[in-house]
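After this come two complexes, each holding chain A, first together with chain B and then together with chain C.
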Partner chain A sequence: MNWNKIHTLFRPQSVAIIGASRNPEKVGHVILLNYLNAGYQGKVYLVNRNADEILGMKSYKRVADIKAKIDTAVIAIPAESVPEVLEECGKAGIKSVVVISGGFAEIGNTKLQDEIVKIAEKYEIAMIGPNCLGVMDPRSRVNTLFLPMYKLARPEIGGVSFMAQSGAVGSTILDMISGEGFGLAKFISYGNAASLDEVDILEYLMNDPETKVIVVYLEGIKRGKEFVKLARKLTKIKPVVILKAGRTSAGASAAHSHTAALAGSYEAHEAVFRQFGFTIANDLSELLYYAKIFASESAPEGNKVVIVTNGGGAGVLTTDAIAGSRYLALADFGKQTQESLKKTMPPLVNIRNPLDLAGDADDGRYHDALMPILTDDNIDMIIVIILFQTPGADSKLASEVISIKERIEKPMIVISTGTEYTEMHKRMMESSGVPVYDSPISAMQSLEVLYRYYLYKNHKGQ
Partner chain B sequence: MLLEYFKAKGLLEKYGIESVESKYVKNWKEASDFAKGKPIALKVLSEKELHKSKAGLVKLGLEGDSGIRKAYSELETKAAKLKPCNIIAQKIAEKGIEIIIGGREDPQIGKLVLIGLGGIYVETFKDFALRVCPITRYDATEMLDQLKSKNVITYNGKSTEILVSLLLKASKLLSGNPSINELDLNPVIIRENGYSIVDIRVLE
Partner chain C sequence: MNWNKIHTLFRPQSVAIIGASRNPEKVGHVILLNYLNAGYQGKVYLVNRNADEILGMKSYKRVADIKAKIDTAVIAIPAESVPEVLEECGKAGIKSVVVISGGFAEIGNTKLQDEIVKIAEKYEIAMIGPNCLGVMDPRSRVNTLFLPMYKLARPEIGGVSFMAQSGAVGSTILDMISGEGFGLAKFISYGNAASLDEVDILEYLMNDPETKVIVVYLEGIKRGKEFVKLARKLTKIKPVVILKAGRTSAGASAAHSHTAALAGSYEAHEAVFRQFGFTIANDLSELLYYAKIFASESAPEGNKVVIVTNGGGAGVLTTDAIAGSRYLALADFGKQTQESLKKTMPPLVNIRNPLDLAGDADDGRYHDALMPILTDDNIDMIIVIILFQTPGADSKLASEVISIKERIEKPMIVISTGTEYTEMHKRMMESSGVPVYDSPISAMQSLEVLYRYYLYKNHKGQ
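This part shows the complex of A and B:
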């Protein structure tokens, strides 16, 4: 599918909301408010068979009555009326549509779905849906999601794009993302994937300069072989984090060979992901951890990790996590670092990895400890543990970490565990591009996937 | 459809994959002639039974006329219920570690190639790695890295090259023969310096 055509879904100059409604309980009303109240700058046309005016705006009976150029249409009307309206959209030269309406293949009505696919093909319309939440783009303020604003937070502008078939998982993730420091580039809930499917959408995101990281929640793949073909290119360009549902593979017991009994459909998908450098997440929290690391960190030079902490126990737990990784290793300090630390650290600090700065460590001590580490070639990645419960850790320390982060390329992440006071500083750091994790394991796993992805990318790039 | 054993064996040879010397036998005498005084194995090959060992369709380490005769007659009784089938005599392979190399056509993804800890433990430990064909040398090495049993089946790296080469050949075979639906080489007995394929199953 043509990239520019799909792009009109996110950057329309003008949009027709078909099924716009004055009834606050209707989907078409919520969508209309999303466009009117959230700062969308393009033209909005309302279409409703039974209204001349909605919320003080003119409403048209048919798309054909608008007599102006329309880029995209959002369709939220009963399923049986969709073919007729889509036909009108085609005739009006509309480039893309989002069909929010349900009542197609998901309830067994494949005939009606085939019908709308044919119409979309005839007029070469880029069609998302049916039975979906549609798209969201915080830059253009396009938002077809029929979810009342007060029920979920909306993410900031950023570089992570998220796609899901499922609307429910999609909106949950959206809510969760908005609690993270990284922002959103594009959000796509594509429902039945009748026309545009995962391959089309991934290809679009691959070529979208605003998308730095792709995050996917997947239930199935419609065109497996095309997916494999795309997968070969995709991850060489940008990281893709994927959560695939459907682990139980039915029918394996009927297999005629051991191979078929072992390697069912889920395993086949997983094989593709592994082979082509996707980052596999096992649940929604991993999906977010990994999105976060890729959003802020670039390629590490190697796998050697240093741990700087103000809590001995937390340092040991993190050391254990790194030691348990198949891919990461604990770094040794270079000579210069050792000498510098001997000079700057108080005598109670042991000069070794993990570097325990002790419970009274403040921003100054963290600064002195981190400075030589930043330029130490023996160290590829940095974990800074900050327990904000200690006397020395405060907002000055958080801003010190932020200012150091701004100066380095080396991956550097923070582990902070706690409630309100910690949460406040976590937000502060994350909104400035410092990823913060709440446990040694999630921090280790995130550095591990970062390291492995660039290992793959460097290998395949050669 | 199960591809006839010697057709399958011939197909493997075309791709440079060797398997143990074998022959169909119609009575114990033929089996004994094949053995020439050395130990042999006797097996019933039937499309109807995948788990040969569990079903008692495999007799190993048979030596001398009386042993071969007794084993043959037992297998013949069992075979009667599994027709159409054949009884095959095979030379005994040198000892080693049993692995599985296999493949299948996934209706969505296409041809897949697999390696794992094999023999009777295949479905107990489920320690395997899977990739889409065709694979590269890098993929093959990654597959071995992924296995929990990596150090065991590679003899701490000594047999890595043999395994990588087998995987590349299997991938070529699978890619080159669209009609293959499923392939089992199980077990492949792997040693530090060689391998023996003891059982072949190709389904078209």
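This part shows the complex of A and C:
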């Protein structure tokens, strides 16, 4: 599928909302408000068979009645009317459509679905859906999601693109991303994948310069061979994090019932994912952890990790996590670092990895501890544990970590666990590009996938 | 150690704060405020060598100067003065002490530590510490923690008791518990465990009727034989969740450096934990997940789980999690349930497990779906997935789940993932006794440990 056509889904100069409605209960109403109120800068045309005016705006009976050129259409009308409207879109030269409407293959109505696919093919329309939430692009403010704003927070602009067949999983992930510091590039919930499928969307994202990381929730793959062919190229260009549902036969059967996806053998899928350097997540939280590490960190020079902490126990747990990893190792301090730490650390601090700065450590002690580490070639990655419950940890310390992060090349992440006071500092650090994890295990797993991906990408084998 | 003596740590009629201070920078100041301002109902005596009056209250030079009977003392003075003061406590008939002060075995000063142990033994004082945060009891408002209130939220009253050597891990866990619906019975950070150790504290909690669940963060065990002897009895009485740090040799070495704990072989520890039905957690988040399930749920009749969801993808992921469990199984609906669901569910809902109620499901549809399940003997445990991002999910649905929870015997938990809107409903449900998990995997793991613990307890073998 033509890249530029798909791109009009996200960057249309003009959009027709077919099924636009004045009734707040209708999907076509919520979508209309998305375009009117959220800062979308293109032209918006309303189409409704039964209205001449909606919310004070002119409404057209048919797409054909609009004389201007239209890039894309969002279709939110009963399933049986979709073919007719899609024909009209084709004739009007519309390049792409999102079919929000349900009532196709997911309820056994494959005939109707085949019909709209044929129409899309005839007019070479890039079609997302049917039975989907559609697309979101925080840069252009395009947003076809028919979910009320108060139900899920919307993410900031960023470099992570997310694709999912499932609308509910998609909206949950969007909501979760909004609580993290990294932002969104593109979001696509593609539902039944009747026309554009995994392969088309992945190919689009692969060539999208705004997308730094691709995150995929998948129930099934339609075109296996093409997927494998693409997979080979994909991860050489950017990291792909994937969560494949239906790994058990019971799960696969439930997936089939959900999106009529042919789940296939999970083992076969996983083998392909591993062979081509995909990062495999086992649940939604791992999907987020890994998206976060790829969004902010670049390739580490090696696998040696140092741990700097203000909590002894947390240091021990993190040491266990790193030492238990098949891929990471604990770093030894270089001579210069040792000398420097001996000078700057109070006598109670044991010069070893993990470096336990003690519960009264403040921004000054963290600064002194981290400075020699930044330039120590024996250390490839840094874990900074900050327990904000301790007496010395406050906003000054968070600022110090942010300012160190700005002058460092090697991956550096923070572990902080807690509620309000901790969350406040987590947001502060994440909005300045410091990824914060809530547990030693999630931090370890994230550094592990970072290390492994770049090992793969740089041809050093796995 | 005498149970009643240890009990005075949590329920003293009177307390002496030794090292009470008017200087806000001092530990003895924070602790004093804890007793004065947080609702503690007993008598508070201040002791300070250099003051006659602190914050308008009379201060005594020595414990001996106080003529009244004192149950317990909190000691926050320089290490070298502790022996002398402890002698005075003994002579005054004080039953228990918390030694907050650091500067003992953890920095190699074993001689000074041995000295205070001998004094405690001579006077049969129940001594917690040294080098610890001490104790907290939300019922009596006893609180020896010298951490400012704004740094960590304090948990509600409840049935989970938590013990940790590490102060920082302890305070992190306290903070995390405060974000959950279940509350705290007793908290003990016991530091160097010079006198009262794991075995004493576990024995106390085993016999504490307010403690329903014991949660332990452990770096090492001092008295192996006694621990094993106690372990045999302990889990027959109440569930014990344990996180043992130092599972790798690097971690064990770091633990030794931290609390001078002899970590021993993790495998040997784990074998004992498993043999005696302890629930093993692998990180702090699992510690919380498992505490939550034991705090609210009782024994399931069997291992058959049903999944009711408003998100198809979340249903698939949860099906994968349950089907992938070695201990749990997916339930089949009984005939009556099938008949009932056929009548009440809309045609699009497939009558199967997972039961996907679709994205527009509201409180009424969840009610109709759950009612027959409650009395279905083929179903032992219920997972209710609520994605609050979907159109039909709101506070009415949360209320409905709460009201169903009130009339049900079998374990029932919720999975909800999201930010503000979801968190609001999570708090609403958890404060009414409905445990809420944020991912399929944590929900599955929690039901698994619940099932396994009661299998062990009821002698059905593992």
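By definition in this document, the second predicted complex is superposed on the first by the 443 of 462 C-alpha atoms of A that agree within 3 Å, B and C clash if a C-alpha of one lies under 4 Å from a C-alpha of the other, contacts with A are read in each partner's own complex, and residues count from 1 in each chain.
Note that in this section contacts are C-beta pairs under 8 Å (C-beta built on N, C-alpha and C of every residue); 3 or more make two chains touch, one makes a residue touch a chain.
Everything numeric here is computed off the predicted structure, so don't read it as measured data.
If you stack the two complexes on chain A, which partner ends up touching A:His258: first (chain B), second (chain C), both, or neither?
both
State whether A:His459 touches chain B only (first), chain C only (second), both chains, or neither.
A:His459 sits against chain B, while chain C stays out of touch.
Compare chain B and chain C by how many residues of chain A each one touches, and report the one with more.
Here the partner covering more residues of chain A is C.
Is A:Leu284 touching anything from chain B or chain C once the two structures are fitted on A? First, second, both or neither.
In the superposed model, A:Leu284 contacts chain C only, not chain B.
Contact-wise, after the overlay, does A:Ala168 reach chain B, chain C, both or neither (first, second, both, neither)?
second
Touching A:Gln275, do we find chain B (first), chain C (second), both, or neither?
A:Gln275 contacts chain B only, not chain C.
Should A:Pro391 be classified as contacting the first partner (chain B), the second (chain C), both, or neither?
Touch partner of A:Pro391: chain C, not chain B.
Just checking: does A:Ile221 make contact with chain B only, chain C only, both, or neither of them? Give me first, second, both or neither.
After superposition on chain A, A:Ile221 lies in contact with chain B alone.
Hey, what residues of chain A end up touching chain B and chain C alike?
In the superposed arrangement, which is not itself an observed complex, chain A uses residues 255, 257-259 for both chain B and chain C.
Enumerate the contact residues on chain B facing chain A in the complex.
Of all residues in chain B, those touching chain A are 2, 47, 50, 100, 102-104, 106-110, 112, 114, 116, 118, 122-123, 126, 128, 130-132, 135, 138-139, 142, 146, 182-184, 186, 201, 203.
What residues on chain C touch chain A, complex-wise?
Those residues of chain C that touch chain A are 107, 146-148, 150-153, 164-169, 171-172, 174-176, 178-179, 217, 219, 243, 245-251, 254-255, 257-259, 282-285, 310-317, 319-324, 330, 348, 350, 352, 354, 356, 359, 387-391, 417-422, 438-441.
Once bound in the complex, which stretches of chain A touch chain B?
Where chain A meets chain B, its residues are 221, 224-225, 227-228, 255-263, 265, 267-272, 274-275, 459.
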